[in-house]
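Next come two complexes, and both contain chain A; in the first it sits with chain B, in the second with chain C.
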Partner chain A sequence: MNKIDSRIEQSSISQDNNTWFNFMPVFSVLLGLLMSGLMMLLLGYNPLIVYTNMLSYAFRDIYNIADIFAKATPLILTGLAFGFAFRASLFNIGAQGQFYIGAVMAVACALKLGSLPSYLTLIICFIMSLIGGSLWAAFIGYVKARFNANEFLVSMMLTYVAIAIMNFLLVGLLKESKGEYPQTDVIPKNGWLPSLIPHTRLHWGFVLALLIALLAYIILWRTSLGYKIRMVGFNRDAARYAGINVENIFVIVFFISGAFAGIAGFTEVNGMQHMLIEGFNPIIGAEGIGIAILGNAHPLGIVLSALLFGALKVGGNLVLQTSRIPASIIGITEGLVILSVILSYYIRDKLIILRSKKKLAVQERHRL
Partner chain B sequence: MNIITGLLVATIRMSTPLMLGALGEVFVERTGVMNIAIEGIFLMGAWGGFVGAYLTGKLWVGFLFAIVVGVFCGAVYGYFTIKLKQHQIVTGVAINILTLGLGLFLYQLLFGIPLLPLTVEPLKDISIPFLSDIPIIGSAFFSQNILTYLAVVLIILGYWVLFRTPLGLIIRSTGENPEAVDVAGINVEHIRFLAVLGSSALDGLAGAFYSIGFLGLYTNDIIGGRGWIAFAICFLGNWNPLGILIGSLIFGLAEGLSVFLLTSNFKLIPNEFLIALPYILTIIATIARRQFNVPAFLGKPYIKERF
Partner chain C sequence: MDAKCNLITLKNITKFFPGTIANDHIDMELANGEVLALFGENGAGKTTLMSILYGLYQPDEGEIFIKREQVKIRSPHDAMEYGIGMIHQHFTLVPVHTVVENIILGTEKASLKYLNIEEKVKKIEKIGNKYGLEVDPFAIIRQLPVGMQQRVEIIKALYRDARILIMDEPTSVLTSQETEKLFNFIRDFKTKGHSVIFISHKLNEVMEIADRITVLRDGKVVGNVFRQEASESQLTHLMIGRDLIIPKINDRVHPKPEMLKIENLTIMGDRKSKVIDDLSFTVREGEIFGIAGVSGNGQEELAQALCGLRKAKSGQITLSNKDITNKDVLSIIHQGVGYIPADRHKEGLVLDMSIEENLFLKNHSNPSFLHYGFLNQNKIQKNARNLMRDFEIKAASSTSRAMTLSGGNQQKVVVAREINIGTKLLVAVQPTRGLDLGAVDYVHKTLLKEKKEGKAILLISTEFSEIMTLSDRIGVMYRGKLLKIVQRKDAKVDEIGLLMAGITEGKKNKKN
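Up next, the complex of A and B:
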């Protein structure tokens, strides 16, 4: 890259805050929907009808609308898990495993605690799922810091180990008392998160997820720890020369990131499922990655993207029950949306360079 | 067949797709691109192999189709990462999410939701006369299916190409010093793109090994992280075809052991632990292996100087 280009890059990042670039994610969502619409068309379905049905189903009544928020709750948290680490240029693609560990901890506490007051049970479940997820992930950060192991690989592999542990417990210690299926008993009522809107599935976990998104924002942009985290993300070597203990940051980031994913296990078990079933929510971690990318790894963006994915799920599932399109089209739509987000990053960078080049040319002319 | 023979047979069988996938990954990473989409391409290869074989009734059509599907996925990945210079891990993860939906979707679209999984007759073993009669090791080494033999041949060929030919020199230099390659008049992006396509072809073939090479059916969790293991083997084998041969055999042994113990009547260790064994081994190996010979430009897009 020559001098002008690098000068442009430096100047353009700081001055780009006003324009329609902020709407880039909206365009890429539309592009993703368009592409999966084309796919439906190729398969002989009318995408317009499918999409309008999706919309009308998703917003048909208060129950479905509440369901969007309920579905978005764990997605916000797994999205934050990836997004938070991404801010430090670390790749925690093992949110799925941390989620399962959190869920196992939550269900085990809820089942074994007996008849404590409700708020106490919930607090204990919350804390234990948090600890489970964060320690599981902190191991990744530790081996990254201590042995320079590839965090990407280790977090992926640990997911499969977590699945094995969960399955092992579901046929052993935590198996239902009937002993038929690999699942737990329904947890006692005092372990249930109270519902937010009566007669819907929406529970207080959603508020919790919003608070945690706010917390993530505060940590990243309003504390010195967050400053260090983002600095490590921008330039690891520069951060090290500036005296930041980069290895410590690795462990801390993974610890926090895993806590988010673990809490998702808590909200799903105590708020939604009220039990643990083998192989539940199998792609929640992967969806979290997509949500974080779509939301530009910013907590607010992640919340909005999670709501979009939630709406896709609710509307999609209902449409698919009534038509012959396989349910997996939702996964494809999600994948295509993420790909078009990446495409939009490319277009944005191109536009920024183009615009700044013009600006530079004008400046040069004035100088002469 | 006694225990040791059974274990050896299983080891070598299970290491075959890992060899293919990791060999492709070695070549592509030597040019400086990580093929993170490997898990997704394995899955699409498994899907393509099954569909091709089921619809035509011919296994070779299945393998061919798996390669085509793999190359297509690789082309998408290459376009985003090499041409548009976007982040390799992010793009790879996106493609992996996409294929997870795509494999199931296209399967259900073609076959609906069958009550029992559809099956094809998987690849038959080829026994090499006389050699396969050697006691204990004979049937493990000389009575495998054709892909296993192919994988071993490709690894030896790959080693020769990479370290003994001008092409190998170009490939290695593209990852170590793309500018020098560019100055020598060779198009860096072309080399990288071709390497992505080549590795994706091998990944597709490796994926098809699971569906029609030995199980004879397709499910959406048929790969279950084996692509990542192949990716890990490439690291652990130090980007050297002979290193990955050893690595694949070790992981094949772990997997063979878990398959073998699952089907036998030993109940010493819980099944879930056996299933987790290859993944735990990957983690341990990633931690234990300290000295790496990482290509200098691995994961970094090449941006040409413009004046």
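Up next, the complex of A and C:
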């Protein structure tokens, strides 16, 4: 009787632990904020004041709140780009380049299709940015499948090629009519994504990003294709034995992943900037990697992490404008948050292993 | 003899692994200037025993004496202090480093002092001259042939003043010329008063090189004979076990139609040599055809070709009168071929996925589980629950991850799935490897049941007793050929054991 009781007790403890485990990312985000708070102390600023300022600025009015979502929009998409490929154990660290190609396609279409009705322009821009990003990335998948090239290096190097192409077009074909700076003209109004909340910068691109996150979830966990992708991610040998053409999956995954990053180019050009400027959003791809890791490569986690990063950006920028804190503190905060989350995943896995070992030992003792 | 017999003495060495006893009270001795062969089937406990002597494992019971003094060997470092070196089956070299860098790795204390490579090279050359092991000290390991890499391993041990060399299946990767060179070295090493422990399951090599042979079976020492007094049939008998009980089965009265037909099949291996050489045989409906043989004689490649993972160079594979030669994996699966792979963790399961998803593994393109590309979750779950019930898979729930299951239940998942999709033919490679006795029994019973229901089963196993227990007909594979195919009732243990070592009647007579 006692034995049974203690076993029940144990199982309830382990269940508690499970819910606790689920909250670990939240704790580690707080830990990351704490660590960067210490950093601020070292720099001679009161972290409490900085954080309360940040919060009050970020949520001061509807404009700022809406801006959090606007800033999160492209981050959701580049985060999905990395996260989706990561589910197949592939590293697409070239979302930046795919994003630029998507942006170039979007801006080119918007500029050249001035007289079409708005919805048609937007649809064409959307599709062309998607195709641009996905074909650009599919090439990575192809060389990986065909020549066993390292996708990590290829995707990184292709980013430089994409930047070069964009810069070339910005001083050539797409150069502004004034001809002063390496940037395009502002795109005609019929190419602008309508705003979601009037008098803010938040546009329908955010809803689009949410839909794409949902789509990513459905592909990965509800379709046969997603099942194959995850199988390739977990165990390539078993996937081969199950009759999956692993090389095809490489190409498909990169195609889809690149499409996500390309669409980020569309939402930024048609929704935010309304033009293309040399070197804009230069770390959006890198932030996507961090966000995907923060969100455990799960679409919902990616959306939440992107919102956190959006809030840090909005609040951070305003704090920077109103105090003398160095701008790099925001980057440091982002970095420390990601670091502590990664550590928490590691610790969580260790704890789970430890616990199952303990459980085995208990069972062993019962058997003897 | 007495004075010689105490260089190393192992007493009562016992080692438990979860679920099994790898070494069961083993006594062993090694003399100066002696080549001792540890002989036994795969999994008999040879490597475990030597890993204990080399300090990689700690024994749960037992004592080790070196020169009559009791010692504790806690790490390979300790072992080297006592002059013991081990040449592993899988080399422990850094492929991108040079020979000399690999050899001195770990012998130098970390310091800022200038590393005098010339001095080390001289020492290596001296060792090379002494034992006839010449090697270019500045060659990159990756660019050396396997035999040469092994030579570097040996020099590495000798550089650390090893006087006792443990060699784990050293010839498994070598060509016959390289093997000859290795044996010459061993003989030379012996005449200099040093000793070698030679782990092998190849009878002919053991007979050629050993002075004394200790036979292991199921973790126990079952024989200890001098080379002069040993005979091939005696050793085979010891290795396989004389008390092998073969259950009676009713021989079929009416031969059933052929299900799998292999004709003149030739397959090239990874090293561009023929691993399956002009092979022909058939498996009938309701028949288990067992392929016996020491591993590495082409069994793996044959199985891969059957399930579409490896291309045949020539010949034909026919499944119930349909040509399936060089078809892709998926269409062979859809033809009704189930495949139980030798390594369930690597090839048979996705450990991070749930049991449900693992049972669905090969149905990912089966239209009855899909609806416009979407997974039919209900059907997948129902299918999984049915299989879990039918095959008594014990798990917390069907959504638990496969890695949480015990080894036996993991194998049940694989077996259940493959039987489910393998409606015509089941290829089972080492289906009971690493399982405890209960699970072994379960898998065997399941295979016999499927046979009764009319499936053709091709059983490939290096465990001789398994082949003898289950098969209706037995083929012995050696170097990519079936040396002989016999009905089980006509099978003689001794003869098959010899065939596994590549010794046919004709050859043996010639020798005698």
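Heads up, the rule we're going with is that the second predicted complex is superposed on the first by the 350 of 368 C-alpha atoms of A that agree within 3 Å, B and C clash if a C-alpha of one lies under 4 Å from a C-alpha of the other, contacts with A are read in each partner's own complex, and residues count from 1 in each chain.
To be clear about the criterion, a contact is a pair of C-beta atoms (placed from the backbone, for glycine too) under 8 Å apart; a residue touches a chain by one contact, two chains touch by 3 or more.
From a predicted model like this one, the values you see are computed outputs, not experimental measurements.
A.B. asks: Could you look at A:L158 and tell me whether it touches chain B, chain C, both or neither (first, second, both, neither)?
C.D. replies: After superposition on chain A, A:L158 lies in contact with chain B alone.
A.B. asks: Examine A:K228 and indicate which partner it touches, taking first as chain B and second as chain C; both and neither are also allowed.
C.D. replies: Only chain C is touched by A:K228; chain B is not.
A.B. asks: Which chain, chain B or chain C, is in touch with more residues of chain A?
C.D. replies: B
A.B. asks: Looking at A:A311 after the superposition, I want to know if it touches chain B, chain C, both of them or none. Which is it: first, second, both, neither?
C.D. replies: The answer is neither, since A:A311 touches no partner chain.
A.B. asks: When the two structures are overlaid on chain A, which partner does A:S328 contact: first (chain B), second (chain C), both, or neither?
C.D. replies: First partner only.
A.B. asks: Under the stated touch criterion, which partner chain does A:I212 make contact with: chain B (first), chain C (second), both, or neither?
C.D. replies: A:I212 contacts neither chain B nor chain C.
A.B. asks: Using the touch definition from the top, say if A:Y345 reaches chain B (first), chain C (second), both or neither.
C.D. replies: First partner only, chain B.
A.B. asks: Is A:A238 in contact with chain B, with chain C, with both, or with neither (first, second, both, neither)?
C.D. replies: After superposition on chain A, A:A238 lies in contact with chain C alone.
A.B. asks: Would you check which partner chain A:A95 touches, where first means chain B only, second means chain C only, and both and neither mean what they say?
C.D. replies: After superposing on A, A:A95 lies clear of both chain B and chain C.
A.B. asks: Is A:N150 contacted by the first partner chain B, the second partner chain C, both or neither?
C.D. replies: Once the two structures are laid over each other on A, A:N150 reaches chain B alone.
A.B. asks: Which chain A residues lie in the overlap of the chain B contact set and the chain C contact set?
C.D. replies: The answer is that chain A has no such residue.
A.B. asks: How about chain A: which of its residues touch chain C in the complex?
C.D. replies: Touching chain C from chain A are residues 222-225, 227-228, 230-231, 234-235, 237-245, 356.
A.B. asks: List the residues on chain B that touch chain A in their complex, please.
C.D. replies: Within the complex, chain B touches chain A at residues 76, 80, 84-87, 89-91, 93-102, 104-105, 108-109, 113, 224-225, 228, 231-232, 235, 270, 272-273, 275-276, 279-280, 282-283, 286-287, 290, 303, 305-307.
A.B. asks: Show which residues of chain A lie in contact with chain B when the two form their complex.
C.D. replies: Within the complex, chain A contacts chain B at residues 1-2, 5, 43, 91, 93, 143, 147-150, 152-154, 156-161, 163-165, 167-168, 171-172, 283, 286-287, 289-290, 293, 326, 328-336, 338-339, 342-343, 345-346.
A.B. asks: Hey, which residues of chain C end up touching chain A in the complex?
C.D. replies: 307-309, 328-330, 332-333, 339, 341, 346-353, 357, 360-362, 364-365, 370, 373-375, 377, 404
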